[in-house]
Each structure stands twice: as structure tokens, then as C-alpha cells.
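Following this line, the structures themselves.
Below are two complexes that have chain A in common, paired first with chain B and then with chain C.
Up next is the complex of A and B:
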């Protein structure tokens, strides 16, 4: 590319935070080189199936981006292009981009959704992607720690409203699925519609976390009896009702998706994949902060729904106790959007455990490496000992919008 | 019987008031060793029986019990219940009661569920809409007045248009815009009918029977005449309908009988009511004796 003389490759190592780096590179327009991706792993070096799938998705919604792998897949060079969204003719048909996730994928769909939502406001056209295939897991994944699609919808998407991005945003859960045997594969189907593109997200000043006023949630079960939902809800409410009376958890029961079995001896046969249950809880504070918790049954089973419900309730309480205006799940999204905002100082109050987490520190470093400004931290004068993070926006925003 | 099982010993033992303890000490001592061995035997038997049925019980707490046994054995014989003691007061048992059952009213409303479970990110539920303002704002006052006046004029015009045929049929009355007399009544009647009245106010509710018969008879004749004339002229008319076909005077309506209802009369509140006519039907014509016609009753 011509601008490589101006913009040298930003270099990163390791497979961790790969998605975050790719997203930041796309948003800032900086080419990056990531080396030593699982290079020390003797059996599975290089990119994992979910990372490859994400790269494919990134290629589909951008125009002009190039991705180069090394022979073993341990090194990757990514030169971002314009985020076009689901514009006609670029892999999308009828304004909808269909992205298939292979059955070897072990990550929840939120692994794809959350970064895609970060990119979507800066797209040229609206983003409309259907995730399908044997690898779509809509529930939380107990092994790898992805949140469920319900949490994305109820705890992460509402945050975009704070940045003035609120119209025509939807996540349709067309088919639910829990992780399949061994935590791999699902067979669900999810559609993301993100129809609100902006030039620049609004500058955010959010310093008052407020107090939790209501708790909502979704209990889902796929392929198992709906009574599991009721049991999870009972035990979760047993814990939470003492603190917040306004606690309601809704129940969603569905059959497990039917996917073609991979058995060569019986072609055309289908099997049920992704049986399990889980619960997602969201606490909303008086100032609109959202704290979420997610627990799902392990793929091997053996955990009663009461334990899942109770565990989720306790997890929610723990996350609320960390304080701040954003939980660990939501903070990267918020900080990224703030960093992509106008050249103005935005402020966000975060709990010490949140800002001190490995992911947040790495996010700050990666932003710095990609030409962002540093974060200013100061103590918020609250009894919880929260930290106010000040971020200066890049002021570039949506390049596609600027041209169009 | 004196307490035997370990449980009852430990359970009842604490219910000993101070006075009774003192009284025990003052009372002549029995041969405590004999007493103790006796109770131990019984205890052993019971424990064996218990252990045969359930798990072996812990021996630890039982060991402590025999120490108190000799003294209190007699006391137990004297009075089965020794009153409420105040020794237990320092140990308060805390029972945490959590009602896990939820009432139906505890559920979220359907609208809220729809709002939350839709594919859109949930928004905060909107509070109930504030009661609509009964008083118009002072700024729009004269505006509203003209608006209401316009509406009134509109309605008057519409009514006039509707009643115009009345005016045209009676030119003498078309002096002013307001109707008078019979025309006014007709206009009111039309308005009521247009608003959904069941029948016109001009239909006479009551009249002498001879009049009514005369009216129906006249109508029947007129219809018959029309039909005969049409037949003579070779015009095919619509099919005669219902009662006023002209041919028959009265058409018997078939009685609506429910399934399982009585063949005759009317069942109401567990009573069979027979009307005068029913009775007459049952009895048959009184003048022809012995000639009973069933009249098709089954």
C-alpha cells in the first residue's frame, strides 16, 4: 500500500487480544503485524478456528483490507480497508451478509458480536450480518468465558445510546444453541442489524454510577425442559430479591438446533446439537449503568439449575460490588468508542478492579501503540474508591462517512 | 415412663427450674448406681434397636448425659413437665425464613416482557402516560374557540344536507333554516336512525287490534294484487317470502327445542311450566269428546 511509507506496521506478538488489536487497527486505519501466534504450541500452532472466522468476517465487512498469513499461520499482517458494512455487491446479498461459523469453533457468538458492534457505527453503510453454521453458540460458554447473546443485547447494546447511537439496532436470536459436546459447535443462528452510523460518537462524561434500581434477566434452555429455567430463576431471585425487589427474569425455552451429523456412514442424517441451559442477569442503575452476569451449564452437564442460578446471582453481586459505570464486559467497548470520539476529553468512572484488569491495561497499551493518546487516571472522590479515566478522542471518526 | 432415649434426656433435661433442682437435692437419695445401670440397660437396648434400623449414632454426646441422670430421674417421675426454664435464654436460635414461592402478581407485565425480550436492546420502561390535560393552554384560547365554532357549523351543515329532501318535499316549510313541527320530528327521527336507533320513533307501539289486523290485511291484499297482476302480465316476481306470502294467513313457527329439553312446555329453574296453550294442546279441543288428536306431538 502507498501509505505504508507514512504508516509503519504496528507490531504485536501473541495470540491474546488478537480481536481487540484487529478492531483497533481497522478503526484507526493502521496496518498491523502480529507474530508468534501460538508459535510455541507444538500441536496447534497458528490461528485458531474462531480467529480465522473472525478474520473472514472482518474481510467481508471491509473493502480493500488485505490479510497475509505466514506459512504456519503464526504471523499475520493486516492492512485495514474501509468499513463498508453490508453494502450490496461486496459479499452481501439483499443487504444481508451471511457469515458461516465452522463447527470447530468453541467461542460464543459474543466473541464476534461485540467487536462487530464496535466497528459498525463507523461503517459506510448499515451492518446486517447473519451468523449461521454449526459453530454458532448463543449461550454463554463456561470454558472460555464468553457472555451470552442476551447479555450482548441487554447489557452492551444499550451502552451505544450514551454515544448517540441508538436507532435501528437489533440482535435477532433466530435459533438458540448451547455449546455442543466438548464445548465445540452449536448450530444457532443470530442476526445483527446495526443501522445507525455516525460521523463521530458523542463525547461521554459518565461519573455517577448511581444505585441499582432494577434487575432483569433471561433464562434460556435449549433442548432441555423449561422447568430448568424456572429453577434457575427461583434460585437467582432467592438471592437477589433481598436487595432489589424489582427483579424479573424472563424465560426462553427452545429446542436444540437440528444440524446435519458429520457421520460419513449415514449421510443426510441430522442430530440435535447444543443442549444446555443458562441464565443472563443485567442490573440497571439509576443513571443507566449496566452490570451483567452470565452463567451457563457446562457441556458435560452435571450441574443442577439451582446452582447455575445462584452462581449467576452471586456473580452479578460481585460485578456490582466492583462499582464504576461500566463492568468488565462493557468497559472495552466504552473505552474504544471514547477513544474514537471527537477531539475532546471524555470521562468515565470505572471500578478499580475493572480498570486494573489485564484486558483494560492491554487495551490502553494497544491504543497507545496504534497512535491513540494516553489515558488520564485520577481518583474519583467516592467511598468505593473508583477511578475516573479521561480519554481524548482521536477526532477522525468515520472515514467512510466523511467521504460519502 | 422415665426418659429413656438419649434424645429425650438431653431434650427435657434443660427444662429444670432451680427450685426443683433444690427440691431434688433435699429429697432422700435413692441408690443412684442401681438406677443408673437400669437406665443404661434400657438405653442400650433401644440403641441397638435404633442402630439396627438406622446408622450407628454418635456415642460422644451420650456420654455426658449419665452424669446428670441420677438426680433428675426422680424429678422426672414427680412431674413430667417442669415448666419453662430461663436457662436457655442466652442461646437464641436464629431462623432465616425465605419465602421462595412467588405470587402471580410478582410477575412482570406482558408489555414489559415484550419490551425486554424483543430483538431490540431493551429501553427503560416508560412510565404511565400523564393524564391528558383537561384545560387547554391559555395561549391557544381564541384559536380553540374558532375551532369549536367551525365544528358546530360543520355539523349543522351536514344535518341540513341530510334533511334537504324533507324541505324539498314540503316547500312551505323552507322559510328558514330551522325546521318546525312535523318536519322537525322527522329530522330528529332521521338523526336518531343515523346514530344507530333500532327503529323509528314514528312506528306506533300500540294500536287497537282491529287496526293492526286491518293494516296487515291491507298489506297482504296489496301484495296479492301486485302478484296476480304480475302473473297476468307475465312478469316474474321475486319469490314470496315468509308470512306475507299472501297465500296462508298464519305460518306456524317451529318451536325451538333444545337437546334434552322437555317435549312440551318450558323448563325453567327445575320446574316445567306449561302455558295455557300447552294445556289446551294436551287436552285437545274441549267440545269433541273422546277424539284426542296428538297434533304431531311425540
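Up next is the complex of A and C:
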């Protein structure tokens, strides 16, 4: 939305919620200025590698965005352009955009995927991005708390169906990887195909969380024996079987990816990177709500797979007990899409702990600062004490599709 | 009915709605106030804000909370204990489609 009318910069401070703010700015077309990015950090002031990488991704899938950094990288001005997706001639070749993530990245790939999915329905053309490079971590990251790519695939992507966005959406895990030494880097490869672009997402009314009827999951091992998967699955099932009989956890064993070693003395040598294991569990309710849990082995190791499986199962129970139609992982996506919907009131039932979390409050404020309407809150009158959040959409939707 | 004595009851929705867009409070403070955990934490928190110079460094290095996380940090030992407690198990069982035979009754609970 590079219109000539000068819009005032929406100002934010701090490095937290950076991605969320960038996404909202892109969707609303408002330029933003973020200052004091880690300005008090004595060792690593300014933007971190994953944030820079996300900015590059943003630049690649939009046309006409400008990003300005200050000298120290602690201040950022972002003027969003049009979300073009993987249109030919704008960095993409053959309809596929290849985004390299540097080896210094410590965030899981979901850190990029979830925001990218929020932008994708509003793109002009389909979005088809391959993430590659020495920084792609497909597993959950215990250190920084990202979910695994399996959770994005099985618990986040299906949510778009509720908004009438369902065709040709896929995440392909081409190569799996766990975090490398020190939690940094991996060698995975993931492709996101998001081929359903809409003018406006449907207005959502989702008030009944229903009951959990099945649990699915993926246990993954990269570079370690597949027996780890069986051990994780067994201990997770041990906890969950009391609740749901219909539990099935898939097992995926792969070798750790081979990446060029950075050692200058031995050029051309390759090494294995990203050894580890983890499990992602997703509970589905009768009304289609998805609750997810993710635990992975720490990069230093030292945790037996039984513990990982059990922790994940307990985490899942905890998330289910928070109630509502969306878990904390999914709620930002849902709320963002609702806010971008038509000028109608959408309603979503959320657990008290979900709406009463820092992330959600900040999301509400950021939306408001970027021209969204305030959220209406009321009690859902259920035993669990859930909250119904009503959101009025902006009614702007996809600018690139306005004419078509 | 108890709206006048509302200060005593935590997690009141109207309170959250009021504080949600009060930009003087940080989200963390909003939650602390909402859950009424702040009653004695208030001064401590403010002290932390006032400190400058050397003390700020320690705060900045509190890495666990300084990045955006999507999976919160759980205390798994506490969770394990919690979910072995019969009381919690019973309350949670309501959230599950509770037919005992697997493979059946998936449709039955749909309209609940």
C-alpha cells in the first residue's frame, strides 16, 4: 500500500513482539518505527540474526517495502509494500522463492512460518517459499520456545480452514533438523506452499470448544536411533491413554543433515548438524479446535526420550485444560485473521489464561495502535470460565486482490 | 452483585477489559493486577524500574523472558504432580469425548 498520502509512523519500543508488529504493519499497510531494540543489552545490541532474516523474508515477499536501520541496529523504520507472494520476477524463480537462513539463527523454522502464513492469504499471488541454509531448525527449540514444524503443519495450518482458506496449502518437510550445538543452526529444508489467496477471510464465530476426540502426533529423531521415537511415544501414550483411546503418534526417523563445515582449514569437508529428537502432539476436538504441545531434546542432550514424551503429554493436558477454541500458540493467528476480516463482528472463545497472557494483551494493543478496533470481552458462561472475544474486522483485506 | 467488592475477586473480566488498553501498564503488570498477584509485588516491580546503572544489566540478561516464545516454559515436575491428582484428572475428563470404546461415537459428541 505505497500510497502517496503520508501516514504517521506508528511507534513501538523494544525487541519483543517484533515479528508480530511487522506482520500487522504489513497487513494494515501502516509504516512503523521500532526503537530501543535491545538497546540496553551490552553484548548484542540491536537486531538479532533471526530478526534480520525475517526482515529479509518480508522484503522478498513484498514489493515496495523499505526498511531502514539505525547505525547500531537498535532503531528500525519499516514502510510496508504490497504483499506479492512468490510472483515471478521479484526474487522468485520458477514460482519458488528460496530463502536462506544463516547458521547463526537459533529460532525454529516456525518462527518464520507462522507469520508468513498470516501474510500469505493476503498476497497478490501464491506464496511458495523454500527455507534452506544452515539455520533451518525444523524441530521444536527448547531454548527459545518455538514449536516444531509438525505443529505448524498439523495445528496451525488447519485453522485457516475456519476462515475459508483451505485450498492448496501445504508444508513439505524436505529435510529435518534439530538445533545444532548451542541451539544454533540446523540443516533442514522446509517448503511452504500457500496457494489460496482471498479478498477477505470469513467472519469467524467459534464459541464451542467441544470435546477432545483424538490425539495425533509426530515423534521425530534426526541423527539418532529410531528407538528414541518409540520410547517417546510409549511414555506419551502412557499418560494420554486414560483420556483418549484414539491416540496415534507417527514416527519419523531421518539422518541429521550434512552441511558444509565452517572449518577453514578443511575446505569442502562436511559435517552432520542438528542431532536430536522431539515430539509434537496435537489434540483435536469435536468442533475442530486444535491444542498442541511440543517438547524436544535440548541441544546438550542429557534428557531421556521417556521424559520428553511424558513432558509433552503433560504439556498437552495443561494446554487442553486452559480451554477455549484456540491455544496460546494458535490464538495470535486467529485474532490477526479475525481483525483482518470484513467489517463484521467475529467471535472467538478463549481460555482465561490464553487471553490473560502478555502476548495476547500486547497483540490487542498493537492491533489497536495500527488502526484496528478494540476487542470486546465477555464471559462465556461456561464451567471453565472462558472468555468470548469479539473483534470487528477492518474490512480492508487483500489490497492486491481488490480488482480481481 | 459483588461488583462493588470486585477488588477482592481475581480474574474479573471487566477489570481486564479496562486495563487492556491502558498503555500506562505493561502487559505483565496487567496480568499481575488482574490475577491480584501484585498486592505485595507492586513496590518491588517499581523498584526494579527505577534502578539504573549497574543493576539494569542483570535485568537485561534475564534471557528466559526476553525473547518471544510460543511454547511457554513449564515446570514439568509441577505439571506431572498436577496431572496425577485425581481432582484435576476428573475436571479434565469432561473435556474429552468420553466414550470408552475406541473408534465409535466420534459423531455422537459433535453437537455438544
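Assume the second predicted complex is superposed on the first by the 396 of 404 C-alpha atoms of A that agree within 3 Å, B and C clash if a C-alpha of one lies under 4 Å from a C-alpha of the other, contacts with A are read in each partner's own complex, and residues count from 1 in each chain.
Going forward, a contact is a pair of C-beta atoms (placed from the backbone, for glycine too) under 8 Å apart; a residue touches a chain by one contact, two chains touch by 3 or more.
Note that this is a predicted model, so its numbers are computed, not measured.
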Superposition on chain A - do chain B and chain C clash or fit: fit
Partner chain(s) touched by A:202 [first = chain B, second = chain C, both, neither]: neither
Partner chain in contact with A:216 - chain B first, chain C second, else both or neither: first
Chain B versus chain C as contact partner of A:176, first or second or both or neither: neither
First, second, both or neither for A:154, with chain B first and chain C second: first
Contacts of A:252 with chain B and chain C, given as first, second, both or neither: first
Partner chain in contact with A:234 - chain B first, chain C second, else both or neither: first
Where the C-alpha centre of chain A sits as vertex, the angle toward chain B and chain C in the overlay (nearest 10 degrees): 100
Broader residue contact with chain A after superposition on the shared chain, chain B or chain C: C
First (chain B), second (chain C), both or neither touched by A:99: neither
Lowest inter-chain C-alpha distance for chain C and chain B in the superposed arrangement, angstrom: 10
Shared chain A surface residues [contacts with chain B and with chain C]: none
Contact set on chain C toward chain A in their complex: 11, 13, 16-17, 20-21, 23, 27-28, 30-31, 34-35, 56-57, 59-61, 66-74, 76, 79-80, 82-83, 88-89, 91-98, 100-103, 106, 109-110, 112
Contact set on chain B toward chain A in their complex: 98, 100, 102, 107-108, 112-113, 116-117, 119-124
Complex contacts: residues of chain A adjacent to chain B: 153-154, 157-158, 160-161, 169-173, 216, 218, 234, 237-238, 248, 250, 252, 284, 288
Residues on chain A engaged by chain C in the complex (per definition of touch): 15-20, 38, 40-42, 110-111, 114, 140, 144-147, 208-214, 239, 242-246, 286-287, 293-294, 307, 310-311, 314-315, 317-318, 320-321, 323, 328-329, 352, 355-359, 361-362, 364-365, 368, 374-379, 383, 385, 387
